[in-house]
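Some structures are shown below for you to check.
Okay, so chain A shows up in both of these, paired with chain B first and chain C after.
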Partner chain A sequence: MPTSLKRVPTRPPDQVAPAPSRRRSARSRRRLTGWAYAAPTALFVTLFFAVPVLLVGRMSISDWGLFAGDRGVNLPDNFVDAVDLRLFWPAVGFTVKYTVITTVILIGLSLGLALLVQESTRWTGFLRTAVLVPSALGLASASLLFYALYSPQSGPFGEVLRDVGLADGPISFLGTPDAALWSTVGLIVWRFAGFYMLLLLVALQGISADVYEAAELDGCNRWQRFTRITLPLLRSSLAMCAILCVTGSLLAFDQFYILTKGGPDNGTMTIVQLIYNAAFQGGNDLGLAAALSIIVLVVLLVFNLGQFRWLRGKDA
Partner chain B sequence: MATTLDTRPVRPTRDGRGTALPGFVVRTPYYVLTGALALLFLFPMVWAAVASVAPQAGTAQTDGWGFANYGTLVDYQEGIWQYLLNSAIVSGLTVLFTLTTSLLGGFAFARFEFPGKNLLFLVTLAILMVPYATLLIPLYVLLNELGLQNSLVGLALVLTMFQLPFATFMMRVSFESLPKELEEAAFVDGCGTFAALRRVLLPAVRPGLVTVGLFAFLAAWNDFITPLVLISDSDKVPLPLAVANLRQQVMGVIDYGATEAGVVVLAVPCVLLFLVLQRQYVRGFMSGAFKG
Partner chain C sequence: MIRTRTRGRQRRLVAVAAAIATTAALTACGGSDDGPAGAVSAGGVEGVDDGSTLTLWTRAPLEFQANLLVEAYNRTHKNKVELTITPNDDYVSRVGAAAGSGDLPDLFAADVVYLPNWTEAGLFADVTEQIGQLPHADEINKGHLDAGTRDGRRHVLPFVLDLSVMFWNKALYQEAGLDPEKGPSTLAEFAEHAKAVQGLDKEGVHGTSFGGNCGGCTVFTWFPTMWASGDDPLLDDGAKSVLDNPSAKQLYGTWRDLWDSGAVDPASKDETGATWVAAFQQGKVGVMPYPATLLATADKTVDVGVAPLPGVDGGASTFLGGDGIGISKDSEKAAQAWNFLSWLMSEEAQVGVLAANNSSVARSDLTNNEHTREDPRLLAINEVAAAADSRTPMAVNFQQAFNAAGSPWVTLVRNQVFGDGSSLAADNAAVSEALGQ
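So, the complex of A and B:
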């Protein structure tokens, strides 16, 4: 110890004399200990993440049946088949349409709610909790719940519309592709508004009150304060909500599987539903499903990297 | 101050100042709006609870108010107790695996230097970047190879993998926020690293563990697509899948009453846990793990 204490300051750090062997062995023991603690994580990440990622790549270029297993490489058949699927482009179109509608409505409503409840009182606390409680529910439970709410026979929405006189028979909330789309958007907004409201509320409360006071003194009205201060300072949080919302919507499955199974007339078929059908619902073609997965994976990876770069760039 | 300069009727600002009109003029529409919104958001769940015990034409529950819908749930195929047990096993194992792995992993990432550390941490976070649903196809094949397909343990292992990015990140931050002196004092007293972790650090990172555990529980309890793909025996499906299947029980006739009863059984633990832990949950968000 004393010798190294004397030497270190006189040399650049990369030329420090090798530590005495006792210390080196202590350090390598510490490294081993570190690895031992990280081993379960490494095992999980390797076995259930890295291997599947490699495997999905391998499967996507193989003729791989659900029951038959691997029947050899067939590049590029799966990818050609994937894009040739009758429902591929309709599913892409529907998924994108659903994503845009959901993201715009959800982020707009969540921002409105966050602004409405940002003052902390018992009353706003009640509203915050009421809006947040649905986010404790699973998406599948929420979908089952709305499936009954939308029921043409016994659902309350139809009854209310009949009582008000807006409808005179059973209303089919899931009967046409358009109605099913908007009904699903209603469910998703109900389920997720609280979560995004909370994210935005955190950001709103991070804005110092001084900034608003200064703007008020300078004669800014409320609208100006909102557009010139609040929105710019919320930009990165809004962007994060949008990324989460877009990613989640592009991978939508539970809600459509339960509400519509992709119907009517395949009008609400999403990409993940298409993958699931290709593999397990009659398709029995895991190679095709893997190719579809790879397409989704690459698109989302590019999208995410682009978003992160954009976020970083603007903040820096 | 700003209050005296600004005579426009503004909604009260965060600290309760800022209106020139009499309070009730500004506040009544505000109360009406927020109250209506709160009712709108609460309505579906209240309705589910009421509908599950209400009389419903053409189902088990035709005569009057009561718990016949829940009876349908008990009688359905393997019965609700089997499905509840499956869900409890999967959620319990997922919470156990997630807590153990992220506690040890977080400790390693926060306190040790070892080759490959940064790579391992990055790959763990990368799980978030890869769409989960696209991994289920290879996982189906992999679990088959491992003899873990159609098993609740296999299901819990997959669900744990998905929890690791958040859990490991959270536990790393929890350990890093502790002073090094804490464990150094334990070393001086003759503890090894494991004893220091167990006796000294474990109590200090409990808030992080609670958050990680809550997230893991909610995710495992509510998950739908993973068992849909990985479980094929009807006696091994967890509750969400059983309730979804129940919906198609009778040809053409959907038993909405029983479905609502199932939703209530599914939702009650989540809503209770949420209400009990609401403060910690919201504080967890506020404290910065999610500040972007």
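So, the complex of A and C:
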């Protein structure tokens, strides 16, 4: 600022400044009003998020039986026992594998579907609805439905494959770890593809047509328009879908609990199923289950913070 | 002024919070002093029927019998029982949460395989003296009583018995040239019958079926064969597994042979327990071990034959499953709750309610009653419950070793039936390890 210029007064000179005590009182009222507005949310967050997390944290460092209750601090026993569990590393490996497969297929397919039904034509309304309908079904209900559909003897999937000549006998959709994994991925894709398609479709329709017209005038072909305009402008939405998908997959439970119970041969044991087993399936060890939960929570936090940072960095 | 008012409000809030905390602490102290065990004897052998409202929890598989019993009790007593049914998979977590917070109902039932663990955890009140005073105490099903006994003190009575028996489809037996009135009496005969039905080569029909990915289903239906053959798969009060005993090997070998020969429904390999009896009910299975409580349901679609589960060379046995019921540690109406339990053991409840609705009775002196005389199958079920080789297996870590998803028992079963069977020693050691934890 040039030194010759006079500083513009913030208050007209003819107005008299309020007395300091009145200023403090107004500030205090504003602060109180602010607290009053924030209080319900703060209370909600404290009661339903902070307190349970703190309780789980406390539980994770305690010898805490399902029926016996808190028998005192035992740090670091629960965390050592968690990592020493026979199925801990297999469950981690399987959960990561499932997460990668599900995320890649689901995001790819949803994007493809969103592109297919982007233009309003005679059939797009029907197609959009058809793909979206499974999202209205609860995951547990969908899993039970697929349990019946996958039945080697009476399930229609096997029958269809036999009718078209792709199989000549009963097909065991859930009988081996690999078959069970891919059958579960099939269910999840069916259940969630419409939901992610909808999110991406909204983002797609938010891209201005002018950008595409300009690119067309510049001689860009369809592929170039897709890779240089659509994908970059969809980055935020794709990242959000990825975060939801990764988080949901790392916490997968219902579908495996209903379809496979972690089997066959523990081949589809997820980390959350392991937590459930530790707490309620005979383990009855809430301390161990809480320690496993804290490990998952930390991994998820690190993962999500990484994704957010990457997203923000790109946007900046 | 504002500061003064704020301070005053703060002081009042602190005072209210302190009062709530003190009341809560005093209540907690009071609760711990007034245990139910002291009050349960108040009404003598019959307990107290003074119009109290009692809460009772049980799990969904027993809903049918639990509803009948509660309705009958409420009709004839001043006390009223409020029944809460919880899905099977949520029951342990619900009981665990309530036990931790001191909110267990007055009465609650437990799968008999959980009883040793839950009794050890102190969830039930001690009713040793009350059971001893019952006029027919010696006739009550011993398997359930023993499962709820710790250090010589009794805590539960049988609620509903669920037994494993052999079911066969009489129509398919007839078609296969087998005697429709005679089920298998040895393990070899079972395999022979299953293969005969498979030999019909009917589309969608198989000789037999089982829950191949369900620990609870296989332990329920396979242990009796070992018991009937003179082998006990659990030693040292359930701390050690002997699942490599001679009859167990015969059993695994028979099922492996049936699987290899195509006589087992292929769905068995994936079956987690949700639909393990569905194919039989649809008339698509010749013969299979089955829960006796489902006789009435199966009978709607199939002409069912019933026999005890045989050993390798004969004999008869069953898994005395189902639920035991006790008064919770948190009940403040123990004498009233005992009134329900005392009535539960009466002929009125056992015959008038359970037997009248095709369920097994829990008293050996009532096995032959007006209802079982009408249907010999019910009599056979009741008689096998009282057979010398019928048992309730007891182990504190039973759930972890056998029933839990991914239990070492499930691995053993799958390796024995679907694999080559070479890992029996290692798999048995894994079950022992889970039991001994």
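Miscellaneous remarks
The rule we apply is simple: the second predicted complex is superposed on the first by the 268 of 316 C-alpha atoms of A that agree within 3 Å, B and C clash if a C-alpha of one lies under 4 Å from a C-alpha of the other, contacts with A are read in each partner's own complex, and residues count from 1 in each chain.
What we mean here is this: a contact is a pair of C-beta atoms (placed from the backbone, for glycine too) under 8 Å apart; a residue touches a chain by one contact, two chains touch by 3 or more.
All figures in this text were calculated on a predicted structure; none of them were measured in a lab.
When the shared chain is aligned, no partner comes close enough to touch A:Gly306: not chain B, not chain C. When the two structures are aligned on the shared chain, A:Gln118 is found in touch with chain B, with no touch to chain C. One of chain B and chain C touches more residues of chain A, and that partner is B.
Of the two partner chains placed by the overlay, chain B and chain C both lie in contact with A:Phe280. Using the contact criterion defined above for the overlaid structures, shared-chain residue A:Gly93 touches neither chain B nor chain C, since it reaches no partner.
Shared-chain residue A:Pro76: touches no atom of chain B or chain C. Of the two partner chains placed around the shared chain by superposition, chain C is the only one that A:Thr260 touches, whereas chain B remains out of contact. Once the two complexes are overlaid on the shared chain, A:Gly175 sits against chain C while remaining clear of chain B. In the overlay built on the shared chain, the residue A:Ser154 is in contact with chain B and with chain C.
Shared contact residues of chain A, touching chain B in one structure and chain C in the other: 144, 147-148, 151, 153-154, 257-258, 279-280, 286. Interface residues of chain A, counted against chain B in their complex, comprise 30-42, 44-45, 47-53, 55-56, 59, 64, 113, 116-120, 123-124, 126-127, 129-134, 136-141, 144-149, 151, 153-154, 156, 190, 193-194, 198-199, 202-203, 205-206, 209, 212-213, 216-217, 221-222, 236-237, 239-240, 247, 250-251, 253-254, 257-258, 272, 275-276, 279-280, 286, 289-290, 293-294, 296-297, 300-301, 304, 311. Partner chain C is touched in their complex by these residues of chain A: 28, 65-69, 87, 144, 147-148, 150-154, 169-170, 172-175, 180, 257-266, 269, 273, 277, 279-284, 286.
Every residue of chain C that touches chain A in the complex is listed here, in rising order: 2, 89, 92-93, 96, 99-100, 117-118, 121-123, 204, 206, 213-214, 265-267, 269-270, 272-275, 279, 282, 284, 397-401, 403-407, 410-411, 414, 434.
Here chain B touches chain A in the complex through residues 2, 5-6, 8, 10-16, 31, 33-35, 37-39, 41-42, 44-45, 47-48, 51, 56-57, 100-102, 104-105, 107-109, 111-115, 117, 120, 123-124, 126-127, 129-135, 137-142, 157-158, 160-161, 164, 168, 193, 218, 221-225, 228-229, 240, 243-244, 247, 254, 256, 259-260, 262-263, 266-267, 270-271, 273-275, 278, 282, 285-286, 290-292, going by the rule given at the top.
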